[in-house]
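Okay, so chain A shows up in both of these, paired with chain B first and chain C after.
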Partner chain A sequence: MTRRLVFLLFALTLSSTYAGELLVVVHKSNPTNELNKTQLIDLYMGKYVAFPNGEIAKPIDIAQGEDVKQVFYKHLVGLSLARVNAYWSRLRFSGRVQPPLELETEQQVIDYLASHHNAIGYISERNLTKNLKVVYRIHE
Partner chain B sequence: MTCSKETVFYSLFTPINNRERYVKLLIFLIFLFPLGLYANESFRLSGFGNVAAVTNDSSLYGFRNDMAQIDGPFDGDTDVEVLSNLGLQLDVSLSEHLDWVAQLHFSGQREHNWDRNTRLFFLKYKPTVNWEFRIGRTAIDLFQLSDYRDIDIAYPWVKVPTEVYGVISNRSIDGGDVTYSDNWQGIHLESKVFAGSSENEFSSYDYSESTNIRDIMGVRLTASTLDWTLSLRHSVGTIDNDTPSNLQLASQIQQAAPLWPNYQQAMNNLVLKGASLKYTSVGGQYQFPLVTVMAEFNQIDSSAAMINGVNNGYVSISYPIEKNTFYFIGSYSDAKRYEFSDSVLDPVTLEPLIAAYQQTLDFFNIDQKTLSLGWNYEWSSNIAIGVQWDNTKISENGGALWLVKDYFGARAQETVNLVIVSVSFSF
Partner chain C sequence: MNKSGLLVRLAFVIIFAALAVGFVTGQIFYRITYLDETASAERSIGQLFNSVSRALSTAVYVGDMELTKEVIDGLMSNDTVEGVKVKTAQNQEMMFGNVGLTSKTFIIQHPFSPEASVGEVILYPDSEVISNRAKAIGFANAKTLFVQAAFLTIVAIFIAYYLITRPMINISKELHKIEPGQAHRIDIPEFHKSSELGLLVNDINNLLERSEAQLKEERGLRKEIEKLEQRFRMLFDNSISPIVLLEPKGNILLFNDSFNQLVSRAGLKFKRNFGELLVELFVDGELAIGALKESLSNDELATGELRIAAQTDAEIWVHLVVVSIVSEDYRKYYQITMHDISKRRVELELLNQQASYDGLTKLYNRQYAESKLSAMITLKQTFVIVLIDLNGFKKVNDEHGHEAGDELLVHVAKQIKACVRQDDMACRWGGDEFVLILNLNSKDPVLRIAEQLNERITAPYFLSKVKKQVTVGASMGVALYPQDGDTMDLVLHRADDAMYQVKREKETNPNMFIKFFEHRTG
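After this line comes the complex of A and B, so read on.
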């Protein structure tokens, strides 16, 4: 019984760590060192999809693990995923702006960022690799 | 027997009967889902849709979503076609700065063909983050919601206010646009100019006609943050053709010239070709801590006697609470009615002709107010369920947005109730 409780507590801790510490990252060769929340909103909500130096950016979303995506967008704009989808449906299907490219897993996001210096994505802290640079931290 | 690919494709959407068509659409959609699995960075397939049932309690006025629709529910009928639609979009990234976008859209139309079903088909060139150039067929940007009015999942209501959007049936413009956007002190500023031509279809209960609009030029200025948006729009255009029914009526008036001294003016009033059109719109949205307020006020003006000036608008207040959104919309449309004042020599003989003339010049006489209450539920991140009740007060002869079975019959003042249930989705 005690073992089960410990395992449950451990699992809960892992879960909160996963959802609670998200890093917004770019390739280490990207000249951007830091972004503020407004800049990140502009990037991820299609308003001004560029880094501070003016280079067009490629924001990346994660398809699987909606909890990660939910934490990210709740922090960013305070909206549920349904409302974020409604927002993007308006922009996408009117032909204005394409939403962020959606990759299936965090590993795919990391691989993509490794080969695209103008891409930007969010991952959990434990998945940070040496060739990525943190430009924003989300503590929930 | 030979069949072209186009014939096979469109046979899916031929209105043999509604149920069969929707079953075919559903099968088509199911087969499309696996294609989405092949989506990658340079090829993205996506879509949206809405399945809605509408019930109307009026025996005089039949509901339609815009003036192009020729059929809709009357007198307790429930209709599943008038608001249902499906859109499929393909985005192809040709290079870092060049994209191609195509969108097919299917709704309760009488006729399907590539031209009508192609909503978007354009090349987009974005050399820098500030500038964007598009050429081809794009969504027309006349009013605040014009370019996403059929994307039901994009707004909490089950439909856009008919008072504002029912009068405009054209959804696309063939031409080009240039957009410049920038940030200024935390405010996103965007200006867009566009030019091109379009087609506006309108119908009565038993026939449908269209006018081409050429030399469209428009401008949109938008300022926004995440909490608020303010936009101004102004567009002009010229009607490029007369309709067969107007030409026929003008010919009949000419034949009655001996009894109608002012017949030449009456004939001129039926001319659409060369008439100017102006659309002006101011709209915005503000996100208060508890509620979101959206409003829009528009004016349509024309040198054509048939389009004698229309003012319309709406105010919406929505209150989101967890997965639910409760909302209220108040919308109105007010048009100047043409009052027949010609003196004729034999009013009794000319009565049917005068009635047809008056009815034709009243074609865009939209005088009504609607109060709507609704509820939207987020079933999942890409499926929403909505229920809306509309209570519309239509003034005498002001029901141009509605279908009327007897075109030359009396159009009395009436209060109409609609109940709409919808499921909207995207993928």
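After this line comes the complex of A and C, so read on.
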């Protein structure tokens, strides 16, 4: 009995050190309420950079906090960041398709999302604000 | 060079085999190489696609035509690619280059989900280039193979020539020169001391050795046989006795000089066949040879005394010995040996004559006459007996001596011989008494003979020894058998009686000379 209790406590402390879920968010006014994984991949990997309703989308990456970006891409396409960079360098060659806009911090992303209603980004769950709408959840 | 010689044949066989094998393996090798090359070209096309698959996947995924074109251009720059067709999942099609005869289709994977596809690529390999390349490689391989085969052929021919053919040819040449029985032997060829060829040569030499020894032995034996044969020939040829070897049908197989001489002595011509057992050679041959044959049927040896049927006056008698021989191959032969017994025969005859003849007058003697008479009486043969006694002989004998008497007796005997016929017989009975045995049974012809005889005897005779002429008379008494007596003594006695009658009457009648026996009564 005591043993089980100790284990439970340990598990709780471990989970609390993590950032928790990654959330893909848009501006509250964006008509899109939900995205599936394929739609999200097409959006972020440059195939179809638009919301389901046809509105042009603007995906945002986070430069700082590589962890978040790494977790995001690992989950999305199963590639390391180096591979993702290689992917974009191949496409950048023709210049027709552009990679997502890269901002420095998570706060900047939140700020950018607040002022651009067609932007889309990913943030830690704890940084979620009221004017943002969650369209996809990434469970770790 | 001999067209059917070992080397030429071997070379031809090797060259043909090499050509055939070279051709077939070249063909097979070429085909395999060609297929290999084609397969490898196909594989390399697969690899070619793999090398661009990621870029193509990305380009098609994002629908970047520029990038897609770039990637396909890269593919097209390869020689082996004739054309490329790209089909996207949205049914967009792009064609580069030409459509080829064969094609290979690859799926363009989704860059992020491997199980999904974003389109497909159809690659048309340039089959001409591939095939040309394959042909070139295959041909080069075949060429190498051919050169190798040619080289091996030459090596094989050389090895065959130096190791097998040349020694074999040398052996056969040497063997060809060797005559059986010579001391010449074949050398073992180099490097073949312990090979099959060496063994062959050894065996040949052993065989030569043996045949030489055998020939030597045979030669020695032949010499011995020749010597023996010579001796036999000498024995046969120089034999005084004629010897003949005959076949049963009479063909002469072998004869010696003596036989030849015998035939020519008999005045006959030599023939290859004188009939069965030389029957034609003999007097009364059929009879004599028949007897010989009969005794040969019981015995293997038969003898006989035969007279040669000579064309000349020569009287040749031979003692014949016939031996029947059966040879090893069961053939029958007759060996006839003859001994000339002519001389002995003459002597015998002389002896015989002496026994039955009177030495002086050559008339039969009394002994012979008596035996003859008794023989005739036994056979109841009729005859007439004439007893002759000379008158005046004693006087001649006394006056002129025995020799003169003998001469006179011979003269009288001649007269008697001249008067009697062939069938009659005259003999000297003793002293000056003679007996005629005439084959008659009547008196008249006896009288005629007696008259003639009396005339001849009573004629004066000139004694050559004493040169004196003498005259004798004859008294003849005649008796007939069986009329006058049925025994010899009786008949002779009666003839004697008659003769004494004549003698008595002669005193009164000198012309009286013959009287027949008469039965006087009382």
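What to note about this one:
As a working rule, the second predicted complex is superposed on the first by the 120 of 140 C-alpha atoms of A that agree within 3 Å, B and C clash if a C-alpha of one lies under 4 Å from a C-alpha of the other, contacts with A are read in each partner's own complex, and residues count from 1 in each chain.
Going forward, contacts are C-beta pairs under 8 Å (C-beta built on N, C-alpha and C of every residue); 3 or more make two chains touch, one makes a residue touch a chain.
None of the values given here were measured: they were computed from a predicted structure.
By the document's definition of touching, neither partner reaches A:63: not chain B, not chain C. Looking at the superposition, the partner that touches the larger set of chain A residues, chain B or chain C, turns out to be B. Once chain A of one complex is fitted onto chain A of the other, the partner contacts of A:77 extend to both chain B and chain C. When the two structures are aligned on the shared chain, A:45 is found in touch with chain B and with chain C.
Contacts of A:90 after superposition: both chain B and chain C are touched. In the superposition on chain A, the residues of chain A touched by chain B in one structure and by chain C in the other are 41, 45, 47, 77, 87, 90, 93-94, 96. Across the complex, chain B is touched by residues 38, 41-42, 45, 47-50, 54-56, 66, 77, 80-87, 89-90, 92-96, 98, 101 of chain A. Those residues of chain B that touch chain A in the complex are listed here as 41, 44, 46, 48, 87, 89, 91, 96-97, 99, 101, 103, 120, 122, 124, 126, 128-129, 134, 138-139, 147-148, 151, 153-156, 181-183, 186, 188, 224, 226, 320, 323, 378, 380-382, 384, 426. If you check the complex, the residues on chain C that touch chain A are 55, 58, 61-64, 66-67, 70, 111-112. By the touch criterion given at the top, residues 41, 45-47, 76-79, 87, 90-91, 93-94, 96-97 of chain A touch chain C in their complex.
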